[in-house]
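Pasting the structures here.
Both of the next two complexes hold chain A, though its partner changes from chain B to chain C.
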Partner chain A sequence: MLARATTWWTILRISLEERLVYRGDFAIGTLMRFLPIVTQIFLWLAVFDAASRGEIEGYEISGYGYSDMVAYYLLAMVVRAFSSMPDLALGIALSIRNGDIKKFMIQPIDLVGFLLLTRIAHKLVYYSVAIGPFALVFYLCRGYFSGWPDPDIMASFCLSLVLGFLLGFFMEAAIGMMGFWFLEVSSLLFVYMLFNFFFSGQMFPLDFLPAPWDTLFQLIPLQYLAFFPAAIFLGKVQGPELVNGLLIEAGWVVFFILVSRVALRRGMNRYSGYGG
Partner chain B sequence: MSIIELHGLAKSYRIYQKKEGLRASLTGLFQREYRDVHAVRGIDLTVDQGEFVAFLGPNGAGKTTTLKLLSGVITPSSGTATVMGHVPWLRENAYRCRFALVMGQKNQLWWDLPAQESFRLHQQIYGIDPAAFDRTRDELVDLLDVRDLLRQPVRELSLGERMKMELTAALLHSPEVLFLDEPTIGLDVIAQHNIQRFLKHYQQERNITIMLTSHYMKDIAALCNRVVIIALGQIMYDGSLTGIIDRFSGHKVLTLLFADDQMPSDLARYGEVLEIEEPKVTLRVNRDVVPEVLSSVLANHTLQDISVEDPPLEEVIAEMFSVSQEEAVEMTNTE
Partner chain C sequence: MDQRPAYFRVLATFARNSLVRDMMFRSNFLIEATSSVSWTVMNLGFYVLIFQFTPEIGRGTGWGQYQFFVFISAMMIINSIVQAFFMPNAQEFSELIRTGGLDFALLKPVDTQFLISLQRVNWSSLSNIGVGFALMFYSFTKMTFFPSVIQLVLFPIYVACGVAIFYSIMFSLAATSIWLGRNQALYNFWFYITNFSRYPMEIYGGSFAGDALRGVFTFVVPVLIAINIPAQLMAWPLSEQNWWLVVFTLVATAGSLAACRWIFQRALLSYRSASS
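Let's turn to the complex of A and B:
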């Protein structure tokens, strides 16, 4: 067990070092992602202003006032920082297509575990760069929040973030593994991202959705990638509903762990060893 | 004691045949044409502990496919194979800890980091004892003369230096079987020579089993005591390198250096004239008639020097491959 932990730590450490090679580009890319915040704040201001005919104070859309809306958007951004997996699926499919995956097939290493650790390293570097801008944005926008939530809500929020990270990882890993069958997964990924865009809640709270769409988002796991954790923080999901939500989220994580594992095993057996 | 055993090992691929043009692309969305490619057609082979075996063959002959099967990267269509008692495509960790595969065209090291980081990762992945790791790494980097490059990012190494690092990484866990797929591809003559010298030394010292594919005859001549020629997915020859000439070449090359002004004009009667550089001539002579030709030449002319040699190995093998390629076209047409 200790040996395995040392192996994981080495993979994590080397992945961190690799991430830090292109730290300049990484830092610029990370910081640029904060720019849309300003436009979103103004966009929702315009929406509320038009909808309330200038009486923004006390005006609500589906239970969200203007401050709730900005707070929701900022929280969704934090959640997405955990659950989004840039280039994961495309990277897996590319390594299948160009044959780089072969090295994982000949070495006594678990590909999924390896990818998970490299992704954790990716995220850790991202957070270390982004924590300053995040803190600044939340400080400047502190007026949109009604204070810190209770410790148990905060703990649930943190748990949902971790589960959101795992869910995002294993869903994209499963899509990447489809590369064993289709070689190219960019179209499949496009469809996934399209659904993700609407049904994860990254653009607006999902309780805005009318029937039957509100049922659809309950049935698919995408809400756990943005909406659900943000709703926990804002106190929109509480009590048994919160516990159920976390359990279902964990269930989806387990489901996609299994899907990615089965896809990897079956995919390897039908692999043609491309690329010389 | 045999360490690698292959019985009737075969691998076929079903490959999509795309026709040219946009219309064909659109049609291909609904109706696809496939062709079965038989990369390996039932190979039987036994390799003993400590052998250094070369796989020779033209492109597409099935050499790399065989190595991929033996390293567990792909699963065969039929047949069986065991390496050190393991079935490769079951990909058991117990097996993966006992062999290594080095591919000349694939980089297995972390591109942006110094090779020493990849080595450290290998130590962990293969569970190598730290003291043994330090000892093996130091020995390998000294033998390959790359100690000074350990801290340099892999992307900044030359092709030859990178291959040396690849070999170091592959040998850190002291594999008992090593598969080398064109390890000297693209390297200059000096780098090729360095790699050859290292492999020869390492194999002799450790008595490990190595299977090598290469297009460079010098690799094979320098390293391998056994050559397996594979073409059309089948083994065409299995034996020593010199045996290839005995078996596949019916000719000898005669070089005659005539004494001053003695160059005859009717050289063609002795054999096929390959080159004339007065007073020297090179002839290709049928192996069976070499003694008669020699006695006739000596009886009729005054010579300064004479030599009888086998044709260059490359030439014999190239001839053999061109015959097998023609057969391949015929086989494809009849399938």
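Let's turn to the complex of A and C:
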């Protein structure tokens, strides 16, 4: 047990150090992440201004005032920082294709566990670098928020963030495992990203969607990667709806853990590696 | 005997080789072309959604739904040219620096920047040009105004200016890989900067921060004018054009190209190769 914990701890430490090697690149990447939000804020200011004929105060679009919109984008960015998994699926598929995956078959290390720790390390480094700019931006934009939410809402928000991280990880891992069958998953991943772009809520609050799209987003798990946690923080989802949402999100996490486990086991069984 | 390389013939060879290479994997080519078109259509869905809530973007700016669609078309046309001709090369450039492969480019008897910038053409990215022109034509049928001959002549010139401005920024960024050692954030960086050009420049007006952004992205890093000026030329009548900005775009294009050349040459001086 202790030996296993030491192994995982070593993996986490190595991943952290690896992440910190290219600090310059990483710091620039973190800083730049704030820029698209600025454009969205100005875009929606122009939209609210034109729609309300200059009377922005009190004007709402689908229940969102202008302040809510700005707050929503900032929150959605925090959530996306948890749930986005750049290059995870592609990395898995690539290691299947080029044979790197073999080392996980002969070493007593679990592939999914290894990748999960690498991602946790990535997120830890990301947040330790990003906490400064994040705090600054939220402080500067505090006027767009109506104060801190109640502790129970805050707790639900934090829980939905952790679930969002796990959902993002296991969903992408499951797509990557499809590489055992298709070798090339970039088309599949593209479809995923396309839907993710629209139905996770990173572009706009999903309440804006007209029928029948508003039903579609409820049926698929993508809303938990951006919209749902942000909506919790803003008080748009409350009471039984909130509890149900968290339960469904947890259900999706369990579902994708199972899918990635089964895919890994079956994939490993059908995998054949040639050459040296 | 003239010893200067025949640049047009070299360029034609690059284009032909890339096409032959693309045609070796025809299905992949079709998938890539379809992918970039569907991404564009998804984006268009977002803009259609916005116009469900407002008659125009920014009060009194002249960017009604169909004028804005002309803007989007100009953006599609410029972006797909940049993505087809320069994006794969800029990404490859960072890799060449990291792996030391740039040594081979430096030895060739042609201008290094020319060789690095154009050796691969990603033909499938050009698929969005068709969509761009179709959308532009559709918007004209919905608008009360059709561009004059002068505008039709100026449009391709200003599209070329937009492409040149984007190219300069992209390759200036790519050249920084020589100093940073690795620049994986290049694509993100590029995306975040050009993100400001995605909407009409009028949305940034009216506040100190907005005016500052507009100033910086017009006069320092001229991404705003790269799309706005060709788009305005087609979306608005001649009498409503910002003529001084139209003239300034020519100056900005020349300035951007000169700056890019200077940065590229300076960066090459610091190139140390990556052992072998």
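The definition used in the following text is that the second predicted complex is superposed on the first by the 271 of 276 C-alpha atoms of A that agree within 3 Å, B and C clash if a C-alpha of one lies under 4 Å from a C-alpha of the other, contacts with A are read in each partner's own complex, and residues count from 1 in each chain.
Keep in mind that, in the parts below, a residue touches a chain if its C-beta (ideal position, glycine included) is under 8 Å from a C-beta of that chain, and two chains touch if they have at least 3 such contacts.
Everything quoted here is computed from the prediction, not taken from an experiment.
Placing chain B and chain C on a common chain A by superposition gives a fit, with no clash between them.
Looking at the superposed arrangement, the partner reaching more residues of chain A, out of chain B and chain C, is C. Look at A:F198: by the touch rule set out above, it reaches chain C but stays clear of chain B. In the superposed model, A:E57 makes contact with neither chain B nor chain C. Looking at the shared chain after the overlay, A:D100 reaches chain B, while chain C stays out of its contact range. Applying the stated contact rule after C-alpha superposition, one finds that A:V47 touches chain C and leaves chain B untouched. Look at A:D152: by the touch rule set out above, it reaches neither chain B nor chain C.
Look at A:D214: by the touch rule set out above, it reaches neither chain B nor chain C. Look at A:S272: by the touch rule set out above, it reaches chain B but stays clear of chain C.
In the superposed pair of complexes, A:I14 makes contact with chain B only, with no contact to chain C. For the overlaid pair of complexes, the smallest distance between C-alpha atoms of chain B and those of chain C rounds to 5 Å.
Touching of chain A by both chain B and chain C, each in its own complex, is seen for residues 22. Contacts from chain A toward chain B in the complex involve residues 3, 6-7, 10-11, 14, 17-18, 21-22, 99-100, 102-103, 105-109, 268-273, 275-276.
Residues of chain C that touch chain A in their complex: 31, 35, 38-39, 42, 45-46, 49-50, 52-59, 61, 180-185, 188-189, 191-193, 195-196, 198-199, 202-204, 210, 213. The touching residues of chain A, when paired with chain C in their complex, are 22, 24-26, 28-29, 32-33, 35-36, 38-39, 42-43, 45-51, 53-54, 61-62, 187, 190, 194, 197-198, 203-204, 208-210. Here chain B touches chain A in the complex through residues 13, 64-65, 68, 71-75, 89, 91, 93, 96-97, 99-101, 103, 105-106, 108, 110, 112-113, 117-118, 120-127, 153, 181, going by the rule given at the top.
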